[in-house]
Amino acid sequence: MDAFLLQILNGLDKGSAYALIALGLTLIFGTLGVVNFAHGALFMIGAFCAVTLERLLTLSFETIDPTKTDFLGNPLKVKTPYVESWFGPETGAAIIDWSVPLALIFAIPVMLAIGYAMERGLIKHFYKRPHADQILVTFGLAIVLQEVVKYFFGANPIQTPPPEALRGSVDLGQMIGFQANAIIYPIWRLIYFFFAVAVIGGVFAFLQFTTFGMVVRAGMADRETVGLLGINIDRRFTIMFGIAAAVAGLAGVMYGPLNPPNYHMGMDFLVLSFVVVVVGGMGSLPGAVLAGFLLGILESFASTTWATTTLPGINQIIIYLVAIIILLTRPRGLMGRKGVMED
Amino acid sequence: MNVKPDFSKNANQALTAPAFLSVWDMHAYYGESYIVQGISFNVHEGEILALLGRNGAGKTSTLRSIARTGSPQVTRGEIWLDHKPLHSMTSYEAATSGLGLVPEDRRIIPGLTVEENLQLAQIAPPIGWSIGRLYELFPRLGERRKQEGVTLSGGEQQMLAIARALARDIKVLLLDEPYEGLAPVIVDEIEKTLIHIKEQGMTTILVEQNAVRALQLADRAIILDTGTIVFDGTAAEVLENADLRAEYLAI
Amino acid sequence: MGILEVKNVSKNFGGLKALNNVTLDVRENTVHAIIGPNGAGKSTLLNCLVGKLIPDTGSVMFDGQSVLGRKPFEINQMGISRVFQTPEIFGDLTVMENMLIPIFARRDGAFRMHAIESVAHESAVLEQAEKMLIDMKMIDKRHMHAASMSRGDKRRLEIGMCLSQEPRLLLLDEPTAGMARADTNNTIDLLKQIKAERDITIAIIEHDMHVVFSLADRITVLAQGTPLVEDEPQNIRGNPKVREAYLGETA
Amino acid sequence: YMNEPTGATVTLGFNVPQSGPYADEGADELRAYQLAVEHLNGEGDGGMLNTFSSKALQGNGILDKKVQFVTGDTQTKSDAARASAKSMIEKDGAIMITGGSSSGVAVAVQGLCQEAGVIFMAGLTHSNDTTGKDKKANGFRHFFNAYMSGAALAPVLAAQYGKDRKAYHLTADYTWGWTQEESIKAATEALGWETVNTVKTPLAATDFSSYIAPVLNSGADVLILNHYGGNMVNSLTNAVQFGLRDKMVNGKRFEIVVPLYSRLMAKGAGENVKGILGSTNWHWSLQDEASKTFVKSFGTKYGFPPSQAAHTCYCQTLLYADAVQRAGSFNPCAVEEALTGGDSSLPGISSEANKGFLFDGLGNGQTLYRGADHQCFKDVLVVRGKENPTSEFDLLEVVQVTPAAQVWYEPDHPMFAGGSLGECNPGA
Amino acid sequence: MLGLGKKDTTLLIVVAVLTLCAPFILNPFPAGSAMAQFNAGYPDLMQRFVIFGIFAVGFNILFGLTGYLSFGHAAFLGVGSYSAVWIFKLFTYNVLPAIALSVVVAGLFSLLIGFVSLRRSGIYFSILTLAFAQMSFALAYSVLSNPKFNLTNGETGLQVYTDDPQWFHSDRLPDLPHLFGLSMRATHTMHMGDWSFSFNTGYYLCAVVMLLVFYLAIRIFRSPFGMMLRAVKSNQQRMNYTGLNTRPYTLAAFVISGMYAGLAGGLMAAMDPLAGAERMQWTASGEVVLMTILGGTGTLIGPVLGAGFIKYFENIFSKINDTVLHGWFGFLPDGLEDVMVFIVHPFIGKGWHLTLGLLFMLVVIFLPGGLVEGGQRLARWIRGRRAEDSRRKTEPAE
């Protein structure tokens, strides 16, 4: 029972990562009709926003400590971050400690700007081009973004730890009456889950309670006609793209503390998020979210000892297996709309 | 009788009575193929102009050029609507300036219900007829409001396309074969509507294969052939001129 | 006994009864017109005949065999070809290729892998396609991409494609909508000629009464999913019920 | 023989991961190679040439030929690595290929070099198979292996955490992971530890929460992460996140072990490595003369200390050059004879197989290049994540230097069984 | 000729001449020169050009003609390689049975996957094929390589060991893949002045195979079958109502392209008897997609060009390092030399991916039809210039 609950919890968490990425992707892919292979890169850039902010906050001046030596035997240079000297060591340290949450604020304008630039500079010209061309150009872009990040930050993962106060875990099991240690859950993962719910809710609300979503969908189906109705669809597409980029970026910022970002984390998620979006059904936001959570939970279950001993290797293939089964039994994924990207 | 295009006459008209909508020396291409080959004409406020010609004469292309759809690509020429230069606008700007096009293949937006298709037309100002009023004009649409637009029958889709244009407060209505696929009773109904809105000052360009019908309704007529104007005059002139009708309209 | 027997066919969309107990007999080697107001269920009926839709109840027999439960391509192989209300052609292919495909389908059946032979060497098929294009007066457009033709031309191409299959039953959904008068007359003549030359049964949906009355041997009037009357053309014209529901005052 | 250098130069092929997750490691390897080439050609400060026990090399290239090199990208894929190595052999006439950062690549390239008739000096490859079932006469490994990790680590684990421990293994589901798990499991069980569970994780996994979460409840009090690279960074991060290290189980403090450590990975894992035990081939903080010399010459050139991958690559280059010099020929068969054919042996080990080329002064104490399987035997380091690092490089502290004798095994040890060296292949 | 139209015959002849003379064409720079870095005329890379050419040509039969975008074709290539290596292990190093089996097995495998995946179209189809391929990859990489049942030898890759049975192997034959005793590795190097050219048996085997299957591809493109496939892409609905069953057509195309992939996989194993699991990963499938689009989807020669382009970058650009750069710019004054090296540095060696990414973008932005369109534009431009020249010549000066 507790093991069961535990895996559901884990699945929810994994699912929120999938759902968040898939959400952004489905806005671009399912709504704007652009097969965006650079979406993973946007996620990655989000995570590196946190890294960058941390680097900025820890920009330091050096003083020489003659009592200690560095690895070559020279006097050791001690670094003190400017923020610590400006705000005093304690406040300064606290600011650095909270750099990931601060990065959320930092990332929003950055991601919106990147999204804007990407859409206006590149994607705009590809709405009418075949999907294959979109794949080639966005894949090229993804590689470029990735390599640029690699050039500046290296290939190794870089830790972006959560604030001290939010590290560690809580014993959820004990709270609801299980024995100790039965259901341990990291605080940041809980935060991530609630963050995901909030973002998903926000995006839903925006698209549900405004006509924006409808107009964009209409624009994707028939740009020309929407234009003939006096609507500046280009601007809305740009906004939509910006939102998607921001969602991806924020998902990346928040993901950093879970697993340290590296330059290829986007590619690692890319295929999976496409699977999630398609299993959810093209053009369906709820579908993407549902599929994200579903696949996350199934993946968690498949990685239990019980599952891997009964079916060796099931944890390696579960996502794909489920995707195949769903796509074969439900022609348009879980909640796909008719006619969206079916040809 | 004036069969050959006479630009000087048009130009004079433009000088003396600046028309409501005027098209001046418009040329347009689909890729490499030259389709609209230098067209000039004027439409006065409140007028119904019939634009006639055989299949492939370039009627649709002309309307699409005026509506600034981008395909065909207009390479030269000026289009003025109520002293505003349409030729330097994009399609949505032209639309907000008061142009409304009912495209020939109806272009109902897939994925949207009937009502959403209409709502879509009322997002950008200026807003015209209320949706309720449109349902009064086309009761069938009211009955089908929750149905996905593209599953409507052919005729119903045509009604929706016209309703969508009326949902916006437009100054010039470009109708590309509006009667196509409509039952005769409905055609009568729409004709009445056109007359009604004409009385309220609407300017209309009507492309129609049923030339007789169009000419009975129109004040003036233009006949196109291979992308050029071969006749520009009153509707009555065409109806009276058997040669002209036989040569270009086969009636 | 008709070649096509539709018995008690009903089709519901949600709450809407698009077809309500329709029974229809099309006799061999006749032209049977189906007319009726927009949304009467005419296209839906055709959809049930070609396997696009499966009726909720009822039976459809073609030449003594049931078509229900068969896939569209099987039904076509039985000898039923259909022209759609909005042209369905192979836009990326040339006009000539568009014409070749139905001929191959007729010659080789639903699937055959001629993967090594060259199209250029299929002289019999090429000849047949050329002849059809000449008949349709489209031979000069043979190398054009079908998508870049005007709408009337697309429709003519589609008719040609269906005719080239030499079907036993030809279903036409508003074949002349948007077609210039001359071409409409041309199409009427072509259909007449083909009917004279070989055994073919035609079911036609049309709002253009000129076409209907030129061609039809029998007419069924459909309204709100139910056949209103079925009769000879001259009787239909005078029928007050039909006038009111469909033809309106201009008929 | 193949690619005999006829001009005034000789070309070596440095085949390292330049893209993909191990790119940083590859970059460090490349730095070491460049340094080695400099030293071989008599430039720079000479580095470990000065401390190396064999004095055959004079700093005038190899056999008086100036050393040149070509580089390539393995992409950490066996296919790409082989393509790259082939181009070095076929196009650039490389007589020796070296590098790599994973065992799959090492085995694949080693096989290729055997077929083509050039020498392969493995870079970082830790799987038992490289000199076990996949060993080849033309291939040589300086780096230690999974068995040695287990043998070195287990006694330290027993000493630090007690003999009554229950271990839970998470293992990357591929060849290296399996041999690593097998080795450490055997070594710990021999000392009385119990293995509660072994769970395979997909190599492509990025999040290990669903594998970590059940650990606490399983009755285990030690978690062993048979992961490398990104897998290790993430699984360790997750384990710490789940608070495993703050828990008491079975009345003992819960511990985590990472059998194969590298400084670059430790850097990626950040704070999380503090206090965690593992093993490594070499570390820059070693205080022997050779290591200090190497760190100095590398650090002066690049501004930071070398990684263990850099160290092993540097050593391999020197060892190869030295063998050629001593053999007086580039012929791969002569090189093999010089590199491993000797009769010298490690002191303190009585074994038939204790035979090969014995050297010292390359940082791991006395080292034997064993003739039987072309594996080096030398001291293995047990390290622990440092609690109070003084600099960004100061992440690991050496807990123990395990002598070579303790990690010794016979060539026919079951974990290395199967396969044979075969004949050396000098190429066409 | 050969039942081809004039244009196609010319194309085939051009391709034949290019492939057969590739050892010359790809080695334009003298061996010792600074530019020798750009020479691609060594056996391994030439083999790769044609093998991936075959792969891409086959892929294009599915994607270019029917528009079905498969993201799983690498699985067929991988399966082909594994089958070939198994033949080597069990029976003989002769490449003919190995290649034959790889085509057959890949064909069967693609029949299975195609049959299931083709029930969906558009993106749903793509994801289905992707899922199948990723599953195959996971199985090959770890599940099917466990010690109890080792079909693929996992990470290391399937290879031939000395203790493998090789029932039909004899000591007289080379210990490497061969064609009736002719080793695939056998290379004859011809020196002409400073230049050197390698003629490799394996390459010529691949080249001949490629010409055969390229010819076959032309025939397929020009056949009624090919036309039907294009019709599927254009309008499935119309296909159905014209009495054609689209499923067998698409399935046939899928299997044919799967067999091409298997053939490529078999040839790869024949050139280098090791089958690695990475060959089946989605990135490998993605690569062939990129090759096809980059070269020009739906064109005959495009995929081959695309394959050559990508493989060239992977193998040549990744090998350029700073030392090489200093060699090139050595003639410049020192300061300038360093600046140049600094500028170029991010784009070569470990930065080759960056260059490739940028080129993907540039090609698709400026040449929407891929490299083939680039070529056509160039040709048109040259023709235009020539026409202009001749006009200028004939027209009297004003």
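We just call them A, B, C, D and E in the order they show up, numbering each chain from 1.
Here is the rule we go by: contacts are C-beta pairs under 8 Å (C-beta built on N, C-alpha and C of every residue); 3 or more make two chains touch, one makes a residue touch a chain.
Each chain and its UniProt protein: A = Branched-chain amino acid ABC transporter permease; B, C = ABC transporter ATP-binding protein; E = Amino acid/amide ABC transporter membrane protein 2, HAAT family.
This is a predicted model, so every value here is computed, not measured.
Chemist: Keeping to the contact definition above, tell me which chains border both chain A and chain B.
Modeler: none
Chemist: Would you pick out the chains that touch chain B and also touch chain C?
Modeler: none
Chemist: Starting at chain C, find the fewest moves between touching chains needed to arrive at chain D.
Modeler: Steps on the shortest route: 2.
Chemist: Please name the chain that ends up farthest from chain A once chain centres are defined by their CA atoms averaged.
Modeler: C
Chemist: Counting in whole Å, what is the centre-to-centre distance of chain B and chain E, each centre being its mean C-alpha position?
Modeler: About 53 Å separates the centre of chain B from that of chain E.
Chemist: Rounded to a whole Å, what is the gap between the Cα centroids of chain A and chain D?
Modeler: 35
Chemist: Please set out, as single numbers or ranges, the residues of chain D touching at least two other chains.
Modeler: 23, 27, 173, 200, 202, 204, in rising order.
Chemist: If you look at chain A, which of its residues touch at least two other chains?
Modeler: As it turns out, chain A has residues touching two or more other chains at 313, 316.
Chemist: Considering chain E alone, which of its residues make contact with at least two other chains?
Modeler: Touching at least two other chains: 138, 142-143, 353.
Chemist: Can you give me every chain pair that touches, using the contact definition above?
Modeler: The complete list of chain pairs in contact reads A-B, A-D, A-E, B-C, C-E, D-E.
Chemist: Show which residues of chain B lie in contact with chain C when the two form their complex.
Modeler: It is residues 30, 33, 53-56, 60, 104-105, 140, 144, 147, 151-156, 158-159, 177, 180-188, 209-211, 249-251 of chain B that touch chain C.
Chemist: Can you name the residues of chain A that touch chain D in the complex?
Modeler: Against chain D, chain A makes touches at 2-3, 6-7, 9-11, 13-14, 17, 68, 70-73, 76, 150, 154-159, 161, 167-169, 181-182, 184-186, 188-189, 258-260, 262, 264-265, 268-269, 299-300, 303-305, 308, 313, 315-316.
Chemist: Which of the residues in chain E come into contact with chain D in the complex?
Modeler: Checking each residue of chain E against chain D gives 39, 42-45, 48, 138, 141-143, 145, 147, 154-157, 159, 161-163, 176, 185, 187, 198, 272, 274, 276, 278-279, 314-315, 318-319, 321, 323, 349-350, 352-353.
Chemist: Hey, which residues of chain E end up touching chain C in the complex?
Modeler: 3-5, 216, 219-220, 222-228, 230-231, 233-235, 237-246, 248-249, 252, 256
Chemist: Considering only the defined contacts, which chain C positions touch chain B in the complex?
Modeler: Interface residues on chain C, with respect to chain B: 13, 16, 36-40, 42-44, 85-86, 148-153, 156, 173-174, 177-185, 207-209, 245-251.
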